[in-house]
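Quick one: this structure, given as structure tokens, is what I'll be asking you about.
In order of appearance the chains are A, B, C, D and E, and numbering begins at 1 in each one.
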Amino acid sequence: MDAAQLLQFAISGLTVGAIYALVGLGFNLIFNATDVINFAQGEFVMLGGILASIAIGQWHWPMWLAILTTIAAVGLVGALVDFGAVSRVRRGSVMTIVMITLGVSVMIKTAALLWVGPNPLYFDPFTAGPPLRIFGAVVQLQALWVIGTGAVVMAGLGLFFSRSALGREMLACAIDREAAYLMGIDVRRMVRISFVLSAALGALAGVLITPLTNATYDQGFTLALKGFAASALGGFGRSGSAIVGGLALGLIEAASVVVMPSGWKDSVALLVLILVLVVKPSGLLGGRAERRHTQAL
Amino acid sequence: MKLAIEDIGVRFGGLWANRNVSFGVQEGSISALIGPNGAGKTTLFNVVSGFQAPTQGKVSLDGEVISGLRPEKVALRGIGRTFQLPEICHDLTLLENVMVGAYRHIRGGIFGQMLGLGPAAKTEREARESAESELERAGLAKQRNQSARALPLGQVRLLEIARALASQPSLLLLDESASGLNAREVENLAHLIRQLPARGVTVLLIEHNVRFVMQLAEQIAVLDHGQLLSVGTPAEIRNDESVITAYLGRRHH
Amino acid sequence: MLSVRQIEVRYEGIAAVRGISFDLAAGECLALIGPNGAGKSSTLRAISGLARVSSGAIMFSGSDISGLRAHQIARLGIAHVPEGRHIFGPMTVEDNLLLGRQRMGDLSPSQGLEMVYDILPKLQERRGQQAGSLSGGEQQMVVIGRAIIGQPKLLMLDEPSMGLAPQIVDTVFELLGKLRSAGQTILLVEQNAELAMDFAQRCVVLGVGEVQLTGTSAELRSRQDIIDAYLGTF
Amino acid sequence: MQRSLVALLMLAWLILPGLLGSNSTLSLLVFAAINLVQVIGLSLLFGFAGQISLGQAGFYGIGAYVSSLLATRLGVPPALGIIAAALAPAFLAYLIGRPILRLRGYYLAMVTAGTGLILHTVFVEWGGLTGGYSGVAGIPPIAVGSFAFDTPRSMFYLTTGFAILILFLAHRMVKSSYGRAMRTTRESEAAARSVGIDVSRLKTEVFAVSAGLSGIAGALYAHYIGYISPETFTIDTSINLLLALVIGGVGSLWGGAIGAVLLTFLPEWLHQLQNAYGIVFGALVIVLLTIEPDGIVGIVKRLAETWRRRGNQKLDERTV
Amino acid sequence: EDSYKIGVSEPLSGAASSLGVPVVDSIKAAAEVINANGGVDGRKIQLVIRDDQSRPDIAVQNFRRLSEEGVYAMIGPNQGSNTLAVSAIVKQAKVPTCAFNNTIAITKQNNPYIFRCQTSDADNVKAALLFAHDKLKAKNIGVLYTSDAYGSDAYAALQKEAEAMGMPVVGAEKVNYGATDTTAEWTKLLATKPDVVILWGSGSTMSIALRNASQLGNTAPIIGAQGVAASAIIEGAGAAAEGIYMVTLTAPDQVTEGQKDLAKIYKEKNGDDYQLTIYDTIGWDALHLVAKAIENAGGDREKMLEGFEKISNYQLAAGTYTYTSDNHEGLGVDSVWIVQVKDGRMIGVQHGL
């Protein structure tokens, strides 16, 4: 194993990690407004990938138009999920809503299967041209897009929650819904905004990663699980946590391939995740745990 | 000495929530812990009941060191407590809530209890009886089969006390049990507490209701900024200048 | 300013508030007292929109607000300090306070904070601390501070003295007194009936879900029967 | 009254296979009973003790592999293998329970999901033992003496009988003092500890019990189907189990039972829909939980409540 | 009874559905043609189709259910492991089953009711290795395979065969079914500098594997399995698929005699550009085999086994089938095509050995 190869592993780990991180960021957005982990988040990513593939690959729309339309359309799906399911919950715990998002995820996945069929869709990378070579290792241009966008989005979300009034209000909704209402915050609107934003963010992730991974109707849940793991590893509710968790997860997976048969890749990453959480029960950066009960949204 | 607190210190980051706190509680007495908000009273209760490991010092019960034990072990030694923000099970009926208090007296293990075998059945019956009588004493007997969900705060506090008493503790720690009660309810509570020493229960309570404390407690310890300001009888405390400035304010002396 | 007319509040079909009515004039201070479970908190929750009224009306500045949602009511200038604190635990003290003026008040954030810190200096010491790690009493100060920073037209407080050290109770009531003199309209729920009667001009005594008596504090003091039946004299 | 009802139900149970005639419905009932055993385990863990697990499929798998491999490799009679199938996952759960059950909510969900996924990988990668993706074939049916449970009908009696027993024992458990301790732990660990409940131990024990039940279910499944492979023991299975519980009603054993049966039969009833099944199923989850977080049991309870109240009202009217 | 019921259990959802869906489509196409031509002995074929969700337990339930509906034959699981799973029930119910798998083990379990309507990977692997050795002049090979039964069964055979040919396996990497990134595995594999890489697996991971290989600058020729020879996968790999070889049963550019009818139907439906792949042919073949068996059995359900075993030299879309009582393999190595991707289309390079 020479240096170039190690570097290659690191790069591939970072790329995969950036994908996990992007999904994890979407999780955090909804979590921060509602305490809910939205298991349909992966479906937003999948929809983003599929819509963009159709618009770019089949309809030959200009890239920018396709991307914007995709993000808007999936954002609308996010609003629908909130309107049709989440906002209808009157009683129950946070877990009730989590289960509902599982139902939503099954529905969206099935709808996608009926619509585009089981075959993978895809479109060409944003930037054409041969991959970069750094000290003998290959860097795919699309990976740079993923990593770069991830960094920008993370920075943006970090500022959003720590600096902006809207971000603070969203957090307030998650912490104590009733008290948030008493502060004059329209909690339902906040929840809807968070769903739209995270769906849009998911779509963006889907658009970014499809040239690398293809888009298939059933990829959502696996992505959701990875994003979930990324958020847990970092600690739920922290802006940086999804990034740290995602990159760490990607790097561990890549590293495990160096020393073990690659079938163990996911397990090694999960084992590390479990050990970290056992030692640090709220993740690397120390996140929040959810409330136990929820009032009507 | 029922309870001996020796040189207890608790640090949260840069803040000493308790520091060099030492005092004792006499067997069979009713004692009180008072002090401004944030003085470290609840923290001290947490130390005694095992929920908070002290940074320094030790606590002993009947001469045996208990600090460092986990809360459930402390409870088994006979310390019962209530919480400043009540912790009850909304899903259980009042009777079941109180029966949980008697958990430490239940025998027979998981399978014995499941199958209702001899010792399990016997202790279960006893637990029910003692829970019934605690509910009776707390004036909650009528609602015994109601779920605890719809209970107003005052009764929640009584329920918590009944649960703690159902474990037949020798020392009971009450954290602001009178807060949120109106005068009439406070009266009932005082009556309930007064009977405890005769039942072999030593009481240490935290309270901001000064009248209540002064009438009930034989000994009062005052905490301020984590440190012990003063210990004495109600009369002594009432006239202690430092306590008046730190805690009582002008209205109450 | 506020007129509560025959409101009813139900929990899962069971009425906790059964036709309560009272009026509150601008600049007035009214105390709602009564035993545990009488429906005091439920009444406040109905006014602020946290609980739905199943019948009756709540008039505020001339219009019925009983159909509005809680955030809309809050934006009309009704601040509710709820029972059981409801602080934003993971946020700092200062963020908690700032959320209070999110949609209301004319003060700039720094002016608002200054005003609160002036009255509750303890909070200034702890401005950067996570509100959840404050002591019970300190938390109570945060929620009161959070309510007054928005300069509400109507301030409703549900047992503000609960869990507070006597000295702080004094401070809080001194502060409330100041607000009262400045013309603040206040609706106070208080278990400590004496404190309430001292503070408020008028009192409404609730029995189980119903109004037992409405009158000035002086009138109430003379009604030993009501005091014995509902309030006690410890 | 109650006695005759029980007798009636017993009778119905005895003659049901005869009435059904078709083996395939019986076969579904076998699967329903197997799922029920698992869901009851999860109900105890999640519904009563408040600890979520997304890794039950891993324990299900351990049970299936242990009993199957004992039978196919060492010739251990399945009736004994089942005991091992209960103990092995229970033991594992007991070992890992203490450290991981300190975690809460989503963190616990993640760690249990991770445990399940790792176990799945073990089933795949430890090919020498498990046959990897090719699975274990030729698993013999359960036999007692010379009688083999190799038909849907005999397995019906075995599995439903067992499920009823588990349901009964679980019922006793939640009604016991231990059950109250579980529910208190779910709502407030502080309260539980303050009365001397060792919550860490309790959670671990219940975790082990639920893992053991999953293990038994796995063994029953393996000996019924005769073949196992890792695909059965994926996180999808764990999630379906959880959804079954939630649809039926968390916090009630009956809910778990109803959910388990429903989730077994639903795909059968709706198989005409083919791929669109997911839409209907997803919609069912959403609609049900939005109107009633306590699932079907919650709805039934509410209906009963309204009905009772209406009855009372009528009574009132009459007295007036 | 006025029709022959045939049970079909295939993955219409889940991981293997990209293979199951075209297979079921082609079974339906075959049924239409057979019924339009008057059915079998004047009786129509009636399909009872069930989704196994790519899961063995569901497959077992489906088979149980189908066998109780009195079907004449079953057309079976797409995944090798699922065929192994249903084997016991097939045997118990005594219903002959056409299985689509390459997975070697399915005909090796002493179950007279399972008929492979495919080539065995024993043959596919041989064909791939001979091609690498003779045509590509490989001295050694590297293998990337999926961790399911399909990939790992073939890998075991590859190792043995390659060794025997004096062409050692210098590197082998396993990827998970459904993996979305294979860069790490390729990096490791390419470090061993193989002359030829054999890629054995199916599903969308194959597209990604091809793309990753080209992104990492791989120059070694790639030979893909049948699972790679799906149009969806070639399309999904884009330019990265250019030049790769695959072992399959059809060369889309060369319509054989047996494929004529089928090709006509598909081109009418999907346009002249349509490339017939293995997944369009095997379902068609399976139903025709079943029809032939019914014919041979004279419509007697009890005689279906003999009906199948009497099929001999029956030319269909994917090849020429012969079954006997001790050969249930169906197609032999002579049916194997090596195809290559040129300008995004699969072009036949070599037929048979």
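The criterion applied here is as follows: contacts are C-beta pairs under 8 Å (C-beta built on N, C-alpha and C of every residue); 3 or more make two chains touch, one makes a residue touch a chain.
Note that the structure is predicted; figures quoted are calculated from it, not measured.
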item	value
Centroid comparison with subunit A (C-alpha atoms), farthest chain	B
Distance-maximising chain from subunit C - centres being C-alpha averages	E
Between B-C and D-E, the pair with more C-beta contacts	B-C
Distance between the centres, which are taken as Cα means, of subunit B and subunit A, whole angstrom	47
Subunit A and subunit C: spacing of chain centres that average the CA atoms, whole Å	42
Chain centre separation in whole Å, for subunit E relative to subunit A (CA means)	36
Between subunit E and subunit B, distance of the C-alpha-averaged centres to the nearest whole Å	73
Numbers and ranges of subunit D residues touching at least 2 other chains	124-125, 187, 275, 277-278
Pairs of chains in contact (touch as defined earlier), listed by label	A-C, A-D, A-E, B-C, B-D, D-E
Of subunit D, residues touching subunit B in the complex	169, 172-173, 176-178, 180-181, 183-184, 186-188, 190-199, 205, 251
Of all residues in subunit D, those that touch subunit E in their complex	22-24, 27-28, 31, 124-125, 127, 132-135, 137-138, 152, 221, 225-229, 231-232, 267, 271, 274-275, 277-278
Residues of subunit A that touch subunit D when the two form their complex	37, 84-85, 88-96, 99-100, 102-111, 113-114, 225, 228-229, 232, 236, 261, 263-264, 266-267, 270-271, 273-274, 277-278, 281-283, 289-290, 292
Complex interface listing, subunit B residues touching subunit C	12, 34-39, 42, 84-85, 150-155, 176, 179-187, 190, 208, 210-212, 246-252
Residues of subunit B touching subunit D in the complex	49-51, 70-73, 75-76, 80-81, 83, 87-92, 96-97, 99-104, 106, 110, 113-116, 120, 123-124, 127, 163-164, 166-167
